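Pasting the structures in now, so scroll down.
In what follows, chain A forms one complex with chain B and a second complex with chain C.
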Partner chain A sequence: MAQSAFTAPQQNEYAGDEVSAIVLDPGYSTVRAGLAGEDVPKSIVPTFYGSTDGKLLFGDNTIHNSYVPNMEIRNPMSETDGIVQDWDTAAKLWEYSITSRLTGEKQRSPATNGLNDMKDEDVEMGIDDVEEQEKPLADSPLLMSEPGWSTVKYREKCIEVAMEDWGTPAFYLARTGVLAAFASGRHSALVVDIGASATSVTPVSEGLVLKKGIQKSPLAGNFISNQIRLMLASTSPPAPLIPHYMVASKSPVDAGAPSNATYKKFDTPPTASFRRLEEERVLTEFKESVVQVWGGPGRLTSHDQNGISNEDKARQMPGRTFEMPDGWNQVYGVERFRCTEGLFDAKAALSDSEHPTPSLSQTLPALIQASLSALDVDIHPVMLSNIVLTGGSSLLVGLSERLTAELQAMYPGPRVRIYAPGQTVERKFASWIGGSILGSLGSFHQMWVSKKEYDEHGPNIVEKRCK
Partner chain B sequence: MGAFKEENLIVIAPGSATTLAVAGLAESLAPAKLRVKSRMFPAENGEWEPFKVRRKTAENQQPEQEPAYEEDVMSEEGAVWPMVEGRIVNWPCFFALITHVYNTLNPPFHTPILLVAQPAWTNKETEKITQFFFEKFKIPAFALVDSATAACWAYGTNTATIVDIGWQKADVTVIYDYAVQSAGRSIAIANCGGEAFTERLLELLKPRGFTREMCEQLKRSPICEVLPPGTPLPGSSAPDQEQVTNPAAAASTGASASGPAAAAAIGTGPRGPGPDTEVGEEQKDEEDNEGVLDVASIVAGGKMNEYLAKKEKEKAERLAAKKKGGDAAATAAKPVRLPNAKRDRATFMYEDHALLDSLKNMNLSGKMMAEAQAALDEGPNKRQKTPEAVADGESLATNGEPTSAIEPNGVSSHSGSRAGPIRREIEVGVERFQAATGGVLDRIADAIHRTIAAEMVQQRSQLWDSLIVVGNGAKLRGFKEALMSTLQSKYLISPSSATIFTSELPSHMTTPTGTGANTPQPQLGLHGGGSSSVNPLLLAATTAQTQHLAPPHMPSSQMQHTQSSHQQTPHSIKFAKVPDYFPEWKDFGYDEAGFLGAQVAAKVLFVVDTNQNQKGYMTRSDYNEQGPSGIHDFSL
Partner chain C sequence: MASRRDVDDILGLDAALKPVPPPQRQKTVQKTQQRRKGGIARELADLHGDRDQAPVVIQDESKAYRGKKLIDKKPVQRWAWTPFVNSARSDGLVLRHWKKAKVSHKPLEGSEDTKENFASTEPEVEEDSAFAKYNVQIETPQYTDEQYEAHLRNDDWSKEETDYLCQQVKAYYQRWPVIADRYDFQPSEPSQEAEPPDAAATPPKTLKRRSMEDLKQRYYQLSAICMTLQTPVSRMNPSEFSLHETLSKFSAAHETTRKKYAESLLRRSADEIKEEEFLLAELQRIALNYKKLETERQEIRQRLEGPQTSGNTSVAQYSTSPGLQLLFTQLITADRAKKRGRLSLNMGDMIGTPNGAQTPVSGGGPGHRDSISVAAGSAQQKKGSAPQAAAATPTNGPAKQLSPRQAARFGYSTHERLTSGVTFRLDKLLKIRQAKSTIQTQKIAAALAELKVPELLPLPTERACDALERLVGTIVKLLDVRKVLEKEEAELRIAEETQKALEGGPGGQALQAGEEQSEAVDPGEGEEGADGAAATAGGANGEADADGDEDVKMEEASSGAIRPPSSGAGQAGHKRSASVMSSASNKSNKRPRK
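Up next is the complex of A and B:
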């Protein structure tokens, strides 16, 4: 075969200008990355990472492996507001989420990517080689999401990492709230995002965030997990929260009876942080299959006009069983409503010495109220009729109905309409999907911050361009 | 009719270990005609060769003469494997491999190609591959099918959990309504494939002098098995310490054999009588050299003649012993008739390539070479010649033959005795049952659980009921059964005693339990809004009620989504039904069902499907218009 046929075609032979951008949406629980124009992110990597002997382990396959000795599970994000704390690791993790599924591993020096042991043959590679090697994002523009409350420093760091470490030719930073509104096909919306570490309310008007209306609180997925933990511990006998990896096999037992299982024996038991990560998996299953939000009207603790308390009504509902990985199982009646009540009613939240009752202003209705009261009264109706519910924890059964009921009680005048798609994917990845839509728009191309502009103006350009 | 004919199609499925290919689809979609190991050898001129090329040095060669070369079709020395864990790590080598496959198939011009894509390939990489195919082979059309999708096509289902056990890795993929669910997909889980089994065997048998290659062949031999978890190993008289007290429970659960019982069994196994149990002593004991495993180093060290003499002597002794007590020999032979799982020791035929290599490197003359091979070979062919060993040979033939049949290499048939490997008989103990004890089963089971848990709650039970296990790593005897038993003992939710008798129906929400494994399963028609493990009548009743109860402004379909089967899974775990309408695959086994599915896909995409607006393949003109990145619009 002729050698000439092997040379790549000219750029203009195919539509060479249509380079699809990479959309990166980092969160506390997962990092979502994918190509603009696709309907779901191709690469979903847990933000939790393993660390053993100075080696970093990324990805579901490695961090859930109980056979890795002494692996500590960490998270580079802050537990309270989903802002990056450990920049070095976060950048590596994000890079992994892009290279592992989207662009492919570029040959980088093992010394810098942190994924490898230093082997003898690696050391031979000189510093010069490292310089010459292609950067991971050298030929794709990057659209990144940021929480509405990120600081100037945070935003500058984002563009710095993208431009300097990853070598992206063009960059843009967009707020998650705006993106989630776009994903629902709206340019004005009140985005209620219930994530893992934080719940936020972001008013978006004509595609722009109304900064003064941004509210956030830590009552989100992790809070619910802690509520479930407290609930499980408070039952008598306390439910054993044994993760799957510890169980070799289980056998059926009666509800509430002690479990009859064989447990795995480990020479070096996995670390406490690993156990906690695995416990979270069980709790997630619990959230998905047992927990429910009291649908209203009224709070779980309130009474109707006949004096019958809602708790009694909840008690009437058939209970749901949950089986722990070791076979222990129990029916949960009104308890399954109590775990989530704290989101709406701070006083009803379960608490102990380590987990104090949240403050009244942190609840979901209070957040929305605070957000709206910071806004012009004129746009209240627009906001209330375009509430976009998003985030993985918003999938709790009954949450959207309850929120509707609460808001209708609070704002009897204007029409309250909550947009909450039934597809899990659309709710979990709303801000990524919005980014995918934005990134694939033809008109978006003029909004990119190019490498040249960055070189000229420095990282502060992100403040001017990405509003 | 579509644009192409069945006889003019190529299907290529590259894997880290083996690359499968076929040119022209047979009526019955036969198993792959071409199987090549996914490796190439760097040649002296910087190119790649499919086989090891050796410089031939004749004894009377003149220095100025052109050096002569010979191809060595068996040797693995210096091979480069371009794919690791499904990822392409050496692009030139990978392209050379594909070119080699293409040239071997030698298709006419204008033959479209369907390539089975590894899940680990990224978008950028598939673009690179697309570019290569169009520009190197000038093909008229190209299609990419994901390996999991391909397996799904073979099983004729649109929703399944595909567990692909490969060589170095395993992939767990959920396909729901024909769409690969990339969100929770577990791609390239390391140390979960066939190689992990070999590694585990090596770890167990290394103290006994086994090499990697020996373990590899042991794994492929039929004596290597995964016993159902909890089964005591043969020869271990001690009761299984992990046995659960409740016998019914023990039957349904059973521990995966990684606990102390298995560890204890390792200790007890070698106690059985056998000539090479005490490996440590074999150096001292001149008479007993059955256990000498590394013949290659003996030969390379120039001690071949001593070794052969020793063997002769021993053979004569054995013959004498047999003559002395025929009865004793008969009784000794009896345990051999037991099923493999009951025997604590078994033998397999080992094809010693290392020995052959070292013989070749010694530059023996042709005649000497043949003699040496004949002397060292213990294979059944030779055994037949010695009458006293016929009985022995018979039992071995069953063991020895499939070893070579498992990996029939379409290119290099090793029929000639000249090129054939030297076969030797090796005995192993209960280690052969422990290939999957290194946590592989746990890891795969966990990945399956994780992958399904990433899907929507109401889809999960359907996914648990349609597991498809493919890949040659799953060929290990008993592996699938052991995996199923691990899954069931760890993840199956039993009907709760709390609600099983009290579930008064219909309530306005589905009761989470009491709809155990015995509930009739609705067929595939219900996908979309429905649940799957709930009685359809019950579903209809409950959703009608929820609709009634739903706040008027909530769309009812959404209520269905969030309410109808909001329950813990799985209540049952099943393998998907194996397709039974492919006669040639029935005997061959469905481990390579992905390749079967790829052929189905090729036929459908290139031949049957006439919808020109939404083709499943990329044509040359599409490529010219859109370039390599256009492949994403066409690939499945």
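Up next is the complex of A and C:
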């Protein structure tokens, strides 16, 4: 990816040998799927799904439709650690993410593909094809990613679904940390992945995860959303969090003034979970356009040598305006720094009865410190000079600068270098991109777990082969 | 195509009322045709006016653009979705990739072709993936059960765990951080272990946590022993032998301490790092300065040892007044070019230059001699002192009076008597050290060594040389006095003994004892005795000294006069007895160190 996409690799340096493998990278917020060898996942499907009258609705276009009555929005993943809870739905959702964009109808002979005049005898063949198509992945090997802390049971379930339900000829399970390191072109790295439900620190040494050093905490995207909610509620008057689907029309108002909008009327109002999902969309927008991390040096609450607090400095920076869907708008000054300070400084996190202050060991610097202390001393310098920052929530403005400052203060001796690509896609989909690289390598072909091996050894083979 | 009329008609506009102007073009065509009939060249006709037609550029048709021919003679390169196997796999998994189809594979008829591409069920499987060659496995030590029992037994490690270790090392390609991370040995059922009698005794031990160093130690030890089993140490080639050496020399304890140090190095605080950087910079600066000083000293030494011969040969050119003036100007310009250490001379300092043919050498004749501190290799090469020397010549009347400070600055000194020729001060110093007898010379050398005066003064300035000369003189005096004292004491003893012998018979015994005592006096005490001698010498010199004996005792109590006094009380004790010595030693101790 580092090279320009327009220059072909040299014949002798190209190590790829594509077998049209499919890479699946499921997360709490979205499921990424695409063909190995491409640079962006073709299919990005939200993990949230709609459920109405026993029907499951997948994909962005359906779940954000407010006119589907009684649609409950659910997520098959666990909110605390991003591990699958509802396996049936998760498998269906993943299958949807693959089949909706990647595997179309199987290419058949022109005599039988229905585009030409049909003879009578071809009808029977068509039935055969339907039977074959029941296995959606019969042609493509599948490379799947898993979090570093996944259990043996989880891994066995993954290969079971892939082999038996989807009929893939070959399967491999790789850890997200390893894949993110590969995406950055490193075989040894300390991968800091700030996702939606969990933040994790994964040390990778020569392409293998060091299990003892894996650390995770719930201070991630959802935590910041909650912080923003608390912040919005604490302003006076509290900011109205009205999602887009409720607003029929609006007219501009002054900053801080009550909104002047007409709202839609619903015969059967959408469910609370739907509203929550739509509110999250607004909060995501807020995160992307307003929220910022105090870039250091020092914490937001600390003072510099002259006794000027960093909060005062942040106050002097120009504020940012945010307009809610109903037209209510406000300029946010130092508040936008406070929402994210909890990631680094547990005491500075906003809290109420429902959302207690996080513990000190859950903050980002503490995680990295804990991870390193579990590792051998000899690889500390390697890890610190190869910190890879990935995950959608790591795109918060100023986060990489702050992390650098915190780590340099913590480890003044060794060289601290953070690799945080500026391209949004590379940061958001790092583990998928790593999977795409790995899956298209010629030397990777010997790593696949084949269907034959699975039949011989059972699902436990994934423990032996996918280290 | 619908004309305007049609459109008007459709739109219901009155088309008939608006007659369409007849097309003009036909007329012009006719015109040109008429003109051409006139027989004039078209280009020429155009010059006449009425240029309604642009001149046509004549083109070579063969060069005009022609579209690319879509039909190539060669057939299109075909790519086929071909299956292949990878020999690095044991299960013969067949994967497919796009590959250029073989030429022979391509049939001529189109109908067959499509069938081949789309409907072919099983094209032959390609031989092997090109990437199978990257499947490299590492070698782990191989041993049989007998070999294990004979050579590889270890109380801490069961055979089962050793096997597990080798397996892990192979699986993780000797990546020790990963091996240590994933090492999780679970001993199998005790029923299996019950077979060997001693293995059953140690099952609780196997469960203990192994550090990376433990694992490395065991594995390296294992590898080393297996190497010797294959080829004895005596028959190994050098590379094998060095490998064996490194393997067998591995020490877990050493490695653990190394890691502890590495850890503390990583955990340094910012202040410590800053301090270290500062100290390193300081060390570098000192080393640089030392080098500089060394080269400067080297330069001075060189000048002392061998005066520049080139100066000697051309010295005649400076023996005349204009020559001297030239030299002076040269020296001043050289001095001005220097950044530091200027002599602050002006051209005005030349006033005293003799205008006669008298050379400075002859000017020094009547007993005055100039000395230049360092570079006085040749008497002719004089710097600032040259005018003074010239001024001091008897023909020019009385010498210009210089203040002591000025004299010291210009290195101006007067001597009562001068030896002829040029000498080094160092030579003089060597002469001082030598006494008449070798024993005396050795004694002087010993005394100087005790005072820590170096053999060769690093910078023999005049003052330092004087101080040394004085010091040596004092030492010589001291030695003389000591000699006298010893003689006196011996006489005294003889006198006492004769007195005792005269007094009575038992004195015979006492005499013997006294002799033994006198023999037992060690060299250190002899030195102290010398102090006493100095004291008596002081008394002899005329200083009022009633309690000389007491002084001797005090000296015996303190460390000794020759060593520099260490405390105030010691110094008080010295005051009278060895005042000359101590002051001299103080001076001589300080000077050379400058």
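Everything below uses one rule, namely that the second predicted complex is superposed on the first by the 419 of 467 C-alpha atoms of A that agree within 3 Å, B and C clash if a C-alpha of one lies under 4 Å from a C-alpha of the other, contacts with A are read in each partner's own complex, and residues count from 1 in each chain.
Throughout what follows, a residue touches a chain if its C-beta (ideal position, glycine included) is under 8 Å from a C-beta of that chain, and two chains touch if they have at least 3 such contacts.
Everything quoted here is computed from the prediction, not taken from an experiment.
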item	value
First, second, both or neither for A:E79, with chain B first and chain C second	neither
First (chain B), second (chain C), both or neither touched by A:K467	second
Partner chain(s) touched by A:V290 [first = chain B, second = chain C, both, neither]	first
Touching partner for A:S443 - first (chain B), second (chain C), both, neither	second
Chain A residues touched - chain C or chain B, whichever exceeds	B
Which of chain B and chain C A:R417 touches, first, second, both or neither	first
Partner chain in contact with A:R101 - chain B first, chain C second, else both or neither	first
Touched partner set for A:L208, first chain B, second chain C, both or neither	second
First, second, both or neither for A:E453, with chain B first and chain C second	second
Common interface residues of chain A - those touching chain B in one complex and chain C in the other	15, 18-20
Chain A residues within the chain B interface of the complex	1, 5-9, 13-16, 18-20, 35, 40-42, 44, 60-62, 64-67, 99-105, 244-245, 247-252, 254-256, 260, 262, 264-265, 281, 284-285, 288-290, 292, 317-323, 325, 327, 329-331, 395, 397-398, 400-401, 404, 417, 420, 422-425, 428-429
List of chain B residues in touch with chain A within their complex	87, 121-125, 131, 135-136, 138, 182-184, 186-190, 229-230, 242, 244-246, 248-250, 252-256, 258-260, 439, 442-443, 446-447, 449-450, 453, 455-457, 489-491, 493-499, 503, 507, 509, 511-513, 551, 553-554, 557-558, 561-563, 566-569, 623-630
Of chain A, residues touching chain C in the complex	15, 17-20, 107-111, 139, 141, 169-170, 205-206, 208, 210-213, 375-381, 409, 411-414, 441-443, 445-446, 448, 450, 452-453, 467
Sites on chain C touched by chain A in the complex	86, 88-89, 91-98, 114-115, 118-119, 129-132, 134-135, 171-172, 175-178, 180-182, 212, 259, 262-263, 265-270, 273
